[in-house]
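Here it is, the structure in full.
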Amino acid sequence: MRRSASFTESFRELGLLVFIVIICAIFQIRNHNFLTLENIDDLLTNTAILSIMSVGMMMVILTRGIDLSVGSTVAIAGMVSALTVQFFRGISPVVSVLESVAVGTVVGILNGLLVARFNVLPIIATLGTMNVIRGLTYVISGGAWVSSYQMSSGFKGIATGELLGVSNPIIMAVVINVAFFYFINHMRTGRQIYAVGSNPEAADISGIPRRRIIWLVYTLMGALSGLGGVIWVAKFASAQSDTATGFELSVIAATVLGGVSIAGGSGKVSGLILGTILLGILNNALPLINVSPFWQQAIQGVVILAAVLTNVLVKRNNQRFALRRRAI
Amino acid sequence: MRKFLIRAAVIVAIMAIALPVALFASGGKEQGGGAAGGTAKYAIVFKNTGNPYGDRQMGGFKAGIEEQGFQAILRAPDQPTAEAQIQILEQLISQKVAAICIVGNDKDALQPVLTKAMSQGIKVFSLDSGVNPQSRMVHVNQADSEKIGTTLIQAAYDMSGGSGDIAILSATSQATNQNLWIDFMKKTLAQPKYANLHLVKIAYGDDIRDKSVSEAEGLLQSFPNLKVIIAPTTVGIAAAGKVLTDKGLGGKVFLTGLGLPSEMATYIENGVCPYMFLWNPIDVGYLGAYTATALVSGKITGKVGEKFTAGRLGEKVITQAPDGGTEILLGPPFKFDKNNIEDWKKVY
Amino acid sequence: MVERSIRVERLWSWRTFFLQWEWLLVLIFIAVNIVNSTLSPYYFTADTFLQTPMTFLDMSFLVLPMTMVIILGNIDISVGSTVALSAVVMAVAYNAGLPMVLSIVLCLLVASACGLVNGLLMTRFKELSSVIVTLATMIIYRGIAYVILQDQAAGKFPKWYSALGWGSVGKVPIILIVFAICAVVFGLLLHKTSFGRKIYGMGSNLTASRYSGVNTDSIIMIVSVLTGLMAGFTALFLSSRMGSTRPNVAQGYELSVIAMVVLGGVSTSGGKGRIAGPLLAIFIIGFLNYGLGLVNVQAQVLLIIVGLLLILSVLVLNVRFGGRYKRSVPGTAKKLAAQEHSSETTP
Amino acid sequence: MADRILELTHITKTFPGVKALNDVHFDLKHGEIHALIGENGAGKSTLIKVITGVYQPDSGQILFEGTPVEIHSTADSQRLGIAAIYQHVTCYPDLSVTENIFIGHEKIQPFTRKIDWRDLHERAGQLLAQLDADFDPRALMGNLSVAQQQIVEIAKALSANARIIIMDEPTAPLTARESEDLYKTTESLRDKGVSIIFISHRMEDMYRLASRVTVFRDARYVGTWNLNEAKREDLIMAMVGREITQFFPKRKVAIGEEVFRVEGLSRTGFFKDVSFSVRKGEILAMTGLIGAGRTEVCEAIYGVTHPDKGHVILEGQELHIGNPAQAIEKGIGYLPEDRLRQGLVLEWELSKNVTLPTLRKFATLGWLHPRKENAVTKELAEKLEVRAGSVFDLAATLSGGNQQKIIVAKLLAGTMKVIILDEPTKGVDVGAKTAIFNIMNDLAEMGYGIIMVSSEMPEVLGMSDRIVVMRDGRVATILETATASQEQILRAAMPETVHA
C-alpha cells in the first residue's frame, strides 16, 4: 500500500522533470546559447509572474474552483499603480507594490463574495468579473497608456532591480513559492484548503469553516494577481488597458500541467513549480530555436493534453493494482 | 417567489442605471452621436481602443473635421479584430455618416462591409494601415514606404559603422504596411553600398508586449554579434528598447525603427536608441479629415493627379500606390533624437 | 390503501407561468429597445429589427449547441478555435482549387471532427472534466490553424458566397433565416424528442440516467459533434462576412457564448434551462451592442454592462432555485441532509 | 442516574414537510455498546446528527453525565468527547492517514505556527497500533480499503479521546472478514471504557456486540430491550410494527422453464466465478452479508460494469452487454439499491421518470408523445397504488415506498423477461413493503424471472423459491427455500470462524 501510494505521487513530478530535461536537451542542441546563465535568467524572469499567479490558482483549483478574472486583475492593478506613479513620481516602489496588491485583493474579495457567499459557480462569477474589471481598467485609464518616461526609475526597479545578481521577480517568485509551500503543507489553514476541496461535506461535519476558506483562496488569488500586475507593468515599463488579455488561460494551463486536479483536493507544490517552468520554457524559449512561431501553440496544447492524460492513466493503473490486492 | 420578483426588479433597475452610466462614461469619447442630427457626420474607425497613437490620430481627425464646422465620430473596438470593426462599420452605415475613414485591422476582411458602405453613397478611404484597393476610394499614407525602407537601412548603416549583423523585429507577418517596408529594406540592402550589412532574422512580436520581449531576447541570444535591431512597430521598438536597457547593451547593440516618442523617450535619452523615426499621428489624422471632406464635397474622387488643400498641411496630390490603388502622402518620416525628444514625448 | 385516481392534466396558474426566467428576459429586452430608441433616432428605422441581427448572428450559432452542452452539465471552451480551424481549412482548400461547395462541406466536416475528438476524449477519459479537455483542444485546434495558415489571410471567395453573410431574401437576411431554422431544430430536439429528454436526464442525475438505460456516451458524442457542426456554420457565415479568414478569427467567442447561455437562465450545474432563454439573451446582447453602438458608446463600456448583467442574472437564478438538488454547487450539508429526508421518511 | 453518560428525552426535529424525529428517547450507559436499530428513515441518522451537533433539535433535552447541555456544533460535541463514524465514511481521500486523524486539532508549534508532522505521524502510528492496524500513517487515505478507512475514523475518534463513539452502519460496506475485525476493535474500545452507540440493520452485528438495543420506527421511539432477553422476532416486529408472517403473502405460481443463467461470472476484486439460473415465474433470492458482492454481480449482469470472465445467457442465447441500455433492450430490468442516486431523477415529474428507460416506446423517430407517457404513467402508478396527486408531481416529493413503486413502474413500462430487484424494500414503510411483495407475486405470475437481492432474512425466507447465498464474492451455496433454515443461510454467509 505504502509503496504504491508514494510511487504514484512521485511519478508525475518525475515524468514532468524528465520531459523538461528532454526538451532542454533538444533546445540546447538546436541553439547552444540556450543553457547560458544569462538566458536562464531571462527565462526565469519572464516566468516569474506566471509562477506567482499559478500559486494562487493552485489554491483556487484545490477548492474545486477556477478564476478567469486574473488577467483583468493584472491589468487593473498594474494600471492603478502606474497611474499613481505617474502623478506622484516620488512615492516609493514599496508603496506601489502594496497599492497594486491592495487593488488585486479587492477584486479577490469580490470574487470570494460571489462564490462563497452567493454560491455562484466560480467559472461564471469570475467570467463576469473578468469583463467588468477589464472594462473598468479602460474607463479609469481613459484608454491612455502610462509610458516608460512617466515612471520613476524606482518603480521600474521593481522588475529590473537585482539582488546578488538575481532579478527581483525571480526572488519574489521564489519567496512566494517557498512561503506557499510552508503554508499549504505545514499550517492548519493550508491543510484545510486541501480538506475543503477533497470533501466539502466532510469539511462541514468536522467543523472546518468552508466558506471562509473559499473566500480566503480567492482573496489570495486576487492579491497575487495584484503583485503580478505591478511586476508586469514595471517589467515592460508600460501600462496598457489590454495588458495580460487571455493570461488567465496560461495560468490555468500551468497549474493543470503541474498536476493540480480540477476535481479539487489534490496537487503538489513541486508539481506546480515544474508545470510552470515547463510552460515558461515553451513560452519563452521557442523563439530561440528556429521552430516557426506558428507551431508554438500547437506544441503547447499537445504537451498539456499529454500531461493530463498520463495523469489519468497512472491513476487507473494504480486502482487496478489496489483491486488485485483485495482479498476475495 | 416574492424574493425572485424583488431580484427581478433589481435587475431591471440595474439595467436602467447601467445604461446612463455607460453613456456618461462614454460622454467624453462620443461626439454628441445622434444628439445633433443636423451637420454632416464624419467617422474614423481605429484598430482598437486604449492606444495613445490611435488617440492622437483620432484627435487630429477630430480637429480637422471640427475646424471645418462638421461633426466627428471616433470609434474603435476593444480588441484589434476585423470582426469587431465590421460591427462598428455597420452601425456607422445605419447612422448615415458622410464619410468613413478606416484604419484597418485586416487588409481584405473589411472589403464586404466597406463596399456596402460605398454602395450607399458613403465615401470610404483608409488611413495609416490600409485596406485593399477594391474597398477604398483612396489611401492616406502616413509616409512613403520606400523612403521608410531606405531611411531605416541608412540608419542601421550609420549606427553599425557600415558592417555587421542586423535583425528586424516586426509586428505580425500579415501587417500590410510592415511587410511593405520590410520589402523595401531588403531591396535597399541589395545595393552594393550595404553589402556588409547582413540581415540575420526577421522576428515577429505580434505587437504583444511579452512576446516581443521574448523575441528580442531570442535575437540577442541567437546572434551574439548583432549590431542593430530595426523595429518598424511602436510596440516592438519599445520592448526591444526595454530589453537592451535592462541588459545594459546600450552602445553595443543599437536600436532604431518607428516608435512613439512618449514610449521611446527613456531609451533615446539613455542612448540605447540613438534616433528613430515616426510621422506625426496628429497630422495623419488631420490630413484624413480634409481628405474626407474633399471626397464628400466631390473635390476629389480618388483618381491619380487630383489635388486639394489640406488645411495647414497645404496642397496634397493623389498618387499611384504600390498596391495598385491610389494614395495621398503625408510626407517624409520625422526624425526623433536626443535634441527634440524632450518636446515631443509630451505631445504623443 | 384506497384506490384513487392520479391526474394527467397540468394545473396551470398565471403566477407560475409569469414567474419564469424568460419573462424577465423579455422585460430586459423591451427595456433595451426603449433605451436604444430614445437614445438614437436611427434605431427605430423600418428594417432595424430585420437587418441588425446580421451584425451579430454569426457567433450565435454556437449558442444553440452550447445550451445543450451546459444542460448536460459540461462546458466547451474550444468552440472559438474550432471556428478558426474549420474556416482556415475551408479557405485554404478553396484557394488550392477545391470547388467552393466542396470547401463548405469540408469546413463542416472538419468542424464536426473537432467536436468528435472532444467527445471521444470526454467519453474515454471520464475522470477529466470537460473544462480541461476543451482547454487543451482549444489550444491545439487554434495551433493547427496557425500551422496551416502561418498567420496569413486566405480568402477571395466567389461572389455568391459573400451573399451568405450579406444577402437578404426580400428584407430578411439569409443568415437570419438559417439561424431561425437552426434555432427551431435545436428547440425541437431539446424539448420534443427523446434525445433532448435524455440530455436533461443526464444533466440532472447522470447515474440514474445511466441505470435507466440512457446511453450516456453516445449522447455526449452526439452533442459534441453537433457543437462542432454549429461551429462550422459560424465559420461559414463569419468568413463570408469577412470575405477572407485568418487563424485568429473568433478569438474569445467561447466566453461570450457561455455568457449568453448563462444569461439565458441555463444552470451550469446541469439539467435546468430552456432554449428560449439563450435565444432571448442573444438578441438582448446583440441589440444592446447595436443600439449603444449607434450612439458611439465606447466598446469597453459594453464589457462592463454585459459583465454586470451576467453576474446579476446568476445571482437571481441562485435565489430562484436556492441551489436545491445542485450537488455540484456548494450547498451546506444540512440542505443535502434535509433533501435526503424529504424523500426518505414516510408521510 | 450517574450510570448514564448520555441521555436524550423528548427530542423532536422537523425538516420542511417532514418529522424526522418525533418525541424520541435514548440513553447510553458508561462503557456499554448500545445498538440502535430501525428501518431507513426511522430517524437513526437524524438522532446521531442531533447528538453530534450537526442539527439542533426543535425541542427536547440532552443530558450529559446528568447535566443538561446544548450542542450547537460539531465543535461542541467534540469538546464533550463525542465522536461519530458516519455511514458514508467522511474522509479526505487526498490527505494522508495522519491528517485524516488529526485534522482540525493538529499540534501547532508555538512560534512558527508549523504543524509538527513528526510528532503527529508518531501519534498516528501509536493509535493505529492500538487498533492493531498494519498500514502506514503517511499513506493516502484514498488508497486504503473501506475497512482500513474505518479504522482510521476510529483512530480519529480516539485521538480526540472520545468517551462516546457513534458508529453509523459501520459494517455495511465491509466483507464478512473485515466486519469481524471491526467487532474485535469495537469490543476492545468498550473494554477501554468507551461508550458506543452502534447503529446497524443487521441482527448479526447486534447480537454479536451490543448489550442493549433501542428501536425506532417512523421517527418514533418504540422501546429499549436488554439483548439477552429480546427475541429476534420481537425486535423485528418492533421495527416493522406487525407480525412478520402476515406480510409475506408469497403465492404459489407455476414455475416454467429456465429463462436466464450466468456461468462463471468473475470480476477482479469484486466476485469470482458466480453461477446460477432463474426460471420463468421463479423468485430467486440472493443474500449474504453486505459486501459479499451481490450488488456487484447484478451490476455486472446489467452492464453497469463489465465482468472479466463468464457468460450471461438469456433464453438460451449468450448476451454481451456493454451498458444498461442494451440490457433493457434484451429484457433485463434492474431496480438499483441506491434509490436517490441511481433510481430516480429527483427533480423530475413522475411521468418523465417512468418513461426514461423505455423512451423509444413513447416516441416515433425520436418524437415524444407526452399524452401517451402520462396515460401509461397514470395506469401503472394507479396499479401500483402510488400515493401521488398527479403524474406531474416531482419524484422528490414522494415517500420512500412510493418512490420505490415508481422505479418498479419504470421496469413495468418496458417489456422485461428478467427483473433484478436490489434491496427492493430497503427503507420503505411497512404498507409499501407488502405492496411491493404483492407486485413481486404479480410479476412472477406474469412469468418474469425475478432475482431479489436482500439482506433481510425473513424477507428472503418469506418471498423466494430458491436462495443463492454469497460469501466474499463467491456463491457459498444455493438452497431450496422450502427446506432452508435461517441458521443454514447464516452459516453459509458467515466465514466459519465467526460461528465457531
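Lettered A, B, C and D in written order, each chain numbered from 1.
In the analysis below, a residue touches a chain if its C-beta (ideal position, glycine included) is under 8 Å from a C-beta of that chain, and two chains touch if they have at least 3 such contacts.
Keep in mind the model is a prediction, meaning the values are calculated, not measured.
Of all chains in the assembly, those touching chain A and also chain D are C. Looking at the partners of chain A and chain C together, the chains they share are B, D. Using CA-based centroids throughout, the chain positioned farthest away from chain D is B.
If you compare C-D with A-B, the chain pair joined by more contacting C-beta pairs is C-D. Spacing of chain B relative to chain D, judged by their CA centroids, is 72 angstrom. Chain D has its Cα centroid 42 Å from the Cα centroid of chain C. Taking the mean of the C-alpha atoms as each chain's centre, chain A and chain B sit 34 Å apart. The mean-CA centres of chain B and chain C are about 36 angstrom from one another, to the nearest whole unit. Contact of a single residue of chain D with at least two other chains is seen at positions 54. The multi-chain contact residues of chain C, meaning those touching 2 or more other chains, are 150-151, 252, 298, 300-304, 308, 315, 333.
Looking at chain B, one finds that residues 25, 49-50, 78-79, 204 touch two or more other chains.
Under the contact rule defined at the top, the touching pairs of chains are A-B, A-C, A-D, B-C, C-D. Within the complex formed with chain A, the residues of chain C that make contact are 75, 125, 127-129, 131-132, 135-144, 146-147, 150-151, 247, 252, 255, 258-259, 262, 268-269, 298, 300-304, 306-308, 310-311, 314-315, 318, 323, 328-333, 336.
Residues 15-20, 40-41, 43, 45-46, 49, 54-55, 218-219, 302, 304, 323-325, 327-329, 334, 336, 339-348, 352, 356-360, 362-363, 366-368, 374-375, 377-378, 381-382, 385-392, 395-401, 403, 410, 427, 429, 431, 435 of chain D are the ones touching chain C in the complex. The part of chain D that touches chain A in the complex is made up of residues 52, 54, 73-75, 78, 86, 90-95, 99, 103-104, 106, 108, 113-115, 117, 135-136, 138-140, 143-145, 175, 177, 268-272, 472-474. Note for the complex: chain A touches chain C at residues 66, 68, 114-116, 118-121, 123-125, 127-139, 143, 200-201, 204-205, 210-211, 214, 241, 246, 249, 252-253, 256, 262-263, 292, 294-302, 304-305, 308-309, 312, 315-316.
Residue ranges on chain A touching chain D, taken from their complex, read 1-2, 4-6, 9, 182, 186-188, 191-192, 194-195, 197-199, 201-202, 205-208, 265-266, 318, 320, 322-324, 326-328.
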